[in-house]
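Everything on this sheet refers to the single structure shown next.
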Amino acid sequence: MWTDRLQFFEIMFKKTLQVFAVLVCVLLGGIFLTLLVKSLPAIVSQGIRFVTGKEWDPVMGNFGAIPFVEGTLITSFVALLISIPFSLSIAIFLGEYFKQTWFSSVIKSIVELLAGIPSVVYGFFGLFVLVPFVRSLETPLGITPYGVGIFSAALILALMIVPYSASMSREVIALVPSDLKEAAYSLGATRYEVLRYIILPYASSGIFAGTLLALGRAMGETMAVTMVIGNSNLIPESLFGPGNTMASVIANEFTEATDKVHLASLIELGLYLFVITVVINSVGRYIISKFTIETQTQ
Amino acid sequence: MNQEILKIQNLNVYIGDTHIVKDISMGFLRKNITAVMGPSGCGKTTLIRCINRMHELIPTAKVTGEITLYGRDLYAFNPIYVRRKIGMVFQRPNPFPTMSIYDNVLAGYQLNGVSLTRQEKDHIVQDALKKAALWEEVKDNLHRKGTFLSGGQQQRLCIARALAMKPKILLMDEPTSALDPKATSHIEELLIELKKSVTIVIVTHNIAQASRISDSTAFLYMGELVEYESTKKMFTVPKDKRTEEYLIGKFG
Amino acid sequence: MIKTNMPLRMVKDKASQGLVFLFSVLLAIPLMVILFYVVKNGLGVMSWTFLTHLPKPVGESGGGISNAIVGTLILVGLASLVSIPMGIFTGIYLSEYGNTKTAKYVRLCVEVLQGIPSIVIGIVAYVWVVVTLGHFSAISGGVALGMMMLPVITLSTEETIKLIPKTLKEASLALGVPYYRTMLSVILPTGLNGILTGALLGISRVAGETAPLLFTAFGSPFMNANITKPIQSLPLLIFNYSTSPYEEWQKLGWGASFLLISMIFCLSLITKGVTRKR
């Protein structure tokens, strides 16, 4: 009967939806397993030395990841520090102080344009404009004038994550209930006081989560960093010295890694990057969803 | 001649663990308008949604009891078949925003994959729109989007969309509560005209409306059917105290 | 009257406002500088030859980047082919079953997928496709980019469908239209603009990606339409040329940067146009 055929289509459609949804989870699991299995040779041959070793020497078969872990942590935290005043200002600018004025649409466009520039173009610009500029600053300061290095990478990285963390913080600030703000204003508070004592404390967990997610981004960013960080496999000697991040060393050495353990070591770096970003994203998203639910039930 | 087209027997509805509709039994007479009244939250919407099985959209809803159409168990059919025989008009007008007026009227056919000739289509559209008393107002704009119409016109378009499927029964859930008085009276006149060809069940909060258009009235209170009578009788000599209190406006 | 230090409060108020203003406006400077250099160095390179010819060997001047333009289009097309339908279906699932436990896990997976660094996606596409085929290929690059597009499309489809009034779905079901047809013929067309926006966002996210292509699509100096062979793309070309020692290539790199940025900005303008029409 025609209704039987319909029933069949109905069930097929619902099953298709479910299959696709489950497929996404399988994809994520598959990514993890792939990274794990393919890094086994390195895990077996290097063992704990991989995470404690300070030497990365493919010729001698020594793979210690400390230089890259340090490189990743320093670049991304410095970048985060530089970016916070900018991203927070923009979030407040767009979400509170100059909400829906023509000026805020200009700022919004600037942020969108920055977000639209591809990583490789940031790197290109960094290599040809920023690096010579940093070098010219380093000479009078008495620092070895590499130009390329951790600091240049952090500068570019900061610029790249500002749009992301600004938009995250703005969404959170926009969720602060307006009756709270109005209550404070009606008590005679100034804008600064409302911001300082109402908005920021209220939104703090959400802003923290947004910053965490931005950190996750910064740690995984590859191209721009690779192009300006100097690609040295030693522990960075200073903030201005050359180095490498976990992501940038993968980009540099992956196609040249003919040795099995070398390739597996690079994949193991990828595995750690994966695990770190999964944790950061899960925690960040969890905080944000909790924050959103709280504001909605009030 | 006045046979019961639709019969509900010992109907109970649970959503999750809450007992919403409590052991209701009632019959609906052919080509009559039956009004369902009662205070907010008493289960009117839930009751009429069981009739075209829309309650099945709520995963936690459970129904016991029996509903029969022409003496045959509604729940033995495919819900899709039931819904084609029993049309529904909602509280807020909801024409399909991507479709023209013409396509909106034909939506039931086109979305169900029924192929029609141009003539058949024109005929169905004209017939349904005339029955819904909308034809004169839109006949020159049939291929414009239905969302440009006024609220009352949109609601009549939704009635036309339901009528186009030639349903035996038309369920209406507060169809005029989102409309102004003029559009409301327009639709009331339309309903009286419509009952020549279709059986109507209408949920309404408007006591005057029920008295103006309905033949019989059911009064629900906290999920129970308190009183079910001919409208004339109920409005002059209500049997139950709660009905009387409701009619003189003691509950909101 | 309670005494407060009104002048100090006002100064603090003005100062905070000034700081917020200053930092926001300051961000325009790096943007201007970047755009200035890209336009200054890139605009002069633009020509018909640049757009339609293949690159010349080192030492010869002139030549173009047509292979990279075609390659980028092919890679983005391959990525869209799988990720758009899959993203739409997953998005429908999330919006329809959003409150179930499974759906919450699925949404978390999608969000986590969105946060995975592109270089890691590159590794995975390498293992899955390049190792299997035995060589670099356009298809492996498409797989990598597709994985990056998928979450964007999924989440924007979910958002879009959630915003469509429930009564529309009910109206269709009440006409006896089956559920699958209701979703495909009523709900999807109603949300078309939002879904299109998501697809365009996804495309502009991956069009400029380099890292996942380094060891998948790999790059190639030739014109190639065979998806099992390595293929050039604009971002890859920019990377290779900008880090090369040849001034001629660096020039082409600026030209390619100008072209890529223009393409991405145009895409976002189109996206805005689509969004506004909603």
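Lettered A, B and C in written order, each chain numbered from 1.
Operating definition for what follows: a residue touches a chain if its C-beta (ideal position, glycine included) is under 8 Å from a C-beta of that chain, and two chains touch if they have at least 3 such contacts.
As the structure is a prediction and not an experimental result, all values here were calculated from the model.
A.B. asks: Counting one step for each move to a touching chain, how far apart are chain B and chain C?
C.D. replies: The distance in steps between these two chains is 1.
A.B. asks: Whose Cα centre is nearest the centre of all Cα atoms in view?
C.D. replies: Per-chain C-alpha centroids ranked by distance to the global centroid put C first.
A.B. asks: Where centres are the averaged C-alpha coordinates, which chain has the largest centre distance to chain B?
C.D. replies: It is A.
A.B. asks: By number of C-beta pairs in contact, which chain pair leads?
C.D. replies: More C-beta pairs are in contact between A-C than between any other chains.
A.B. asks: Just give me the whole-number Å value for how far the CA centre of chain B lies from that of chain C.
C.D. replies: Centre separation, chain B to chain C: 48 Å.
A.B. asks: Taking each chain's centre as the mean of its CA atoms, how far is chain A from chain B in angstrom?
C.D. replies: Roughly 54 Å, centre to centre.
A.B. asks: How far is the middle of chain A from the middle of chain C, if each middle is the mean of its Cα atoms, in Å?
C.D. replies: From the centre of chain A to the centre of chain C is 16 Å.
A.B. asks: Enumerate the residues of chain B that touch no fewer than two other chains.
C.D. replies: Only 80-81 qualify.
A.B. asks: On chain C, where are the residues touching two or more other chains?
C.D. replies: 178
A.B. asks: List, in ascending order, every residue of chain A touching at least 2 other chains.
C.D. replies: In chain A, residues 6 touch at least two other chains, as defined above.
A.B. asks: Would you pull the chain C residues touching chain A in the complex into a rising list?
C.D. replies: So the residues of chain C in touch with chain A come to 9-10, 12-13, 15-17, 19-28, 30-31, 33-35, 37-38, 86, 89-90, 92-94, 96-97, 102-103, 105-106, 108-124, 126-128, 147, 150, 154, 178-180, 183, 204, 207-211, 214-215, 218, 235, 238-239, 242-243, 250, 253-254, 257, 260-261, 264-265, 268.
A.B. asks: Please output the residues of chain B touching chain C within their complex, sorted ascending.
C.D. replies: Chain B residues touching chain C: 52, 54, 57, 80-85, 87-88, 90, 92, 94, 96-98, 107-108, 111-113, 158, 161-162, 165.
A.B. asks: Would you tell me which residues of chain B are touching chain A in their complex?
C.D. replies: So the residues of chain B touching chain A come out as 77-78, 80-81.
A.B. asks: Using the touch definition up top, name the residues of chain A that touch chain C in the complex.
C.D. replies: 6, 9-10, 12-14, 16-18, 20-25, 27-28, 30-31, 34-35, 38, 85-86, 88-90, 92-93, 97-98, 107, 110-114, 116-125, 127-129, 159, 162, 190-193, 195-196, 213, 216-217, 219-223, 227, 247, 250-251, 254-255, 266-267, 270, 273-274, 277-278, 280-282, 285
A.B. asks: Chain B touches which residues of chain A in the complex?
C.D. replies: 3, 6-7
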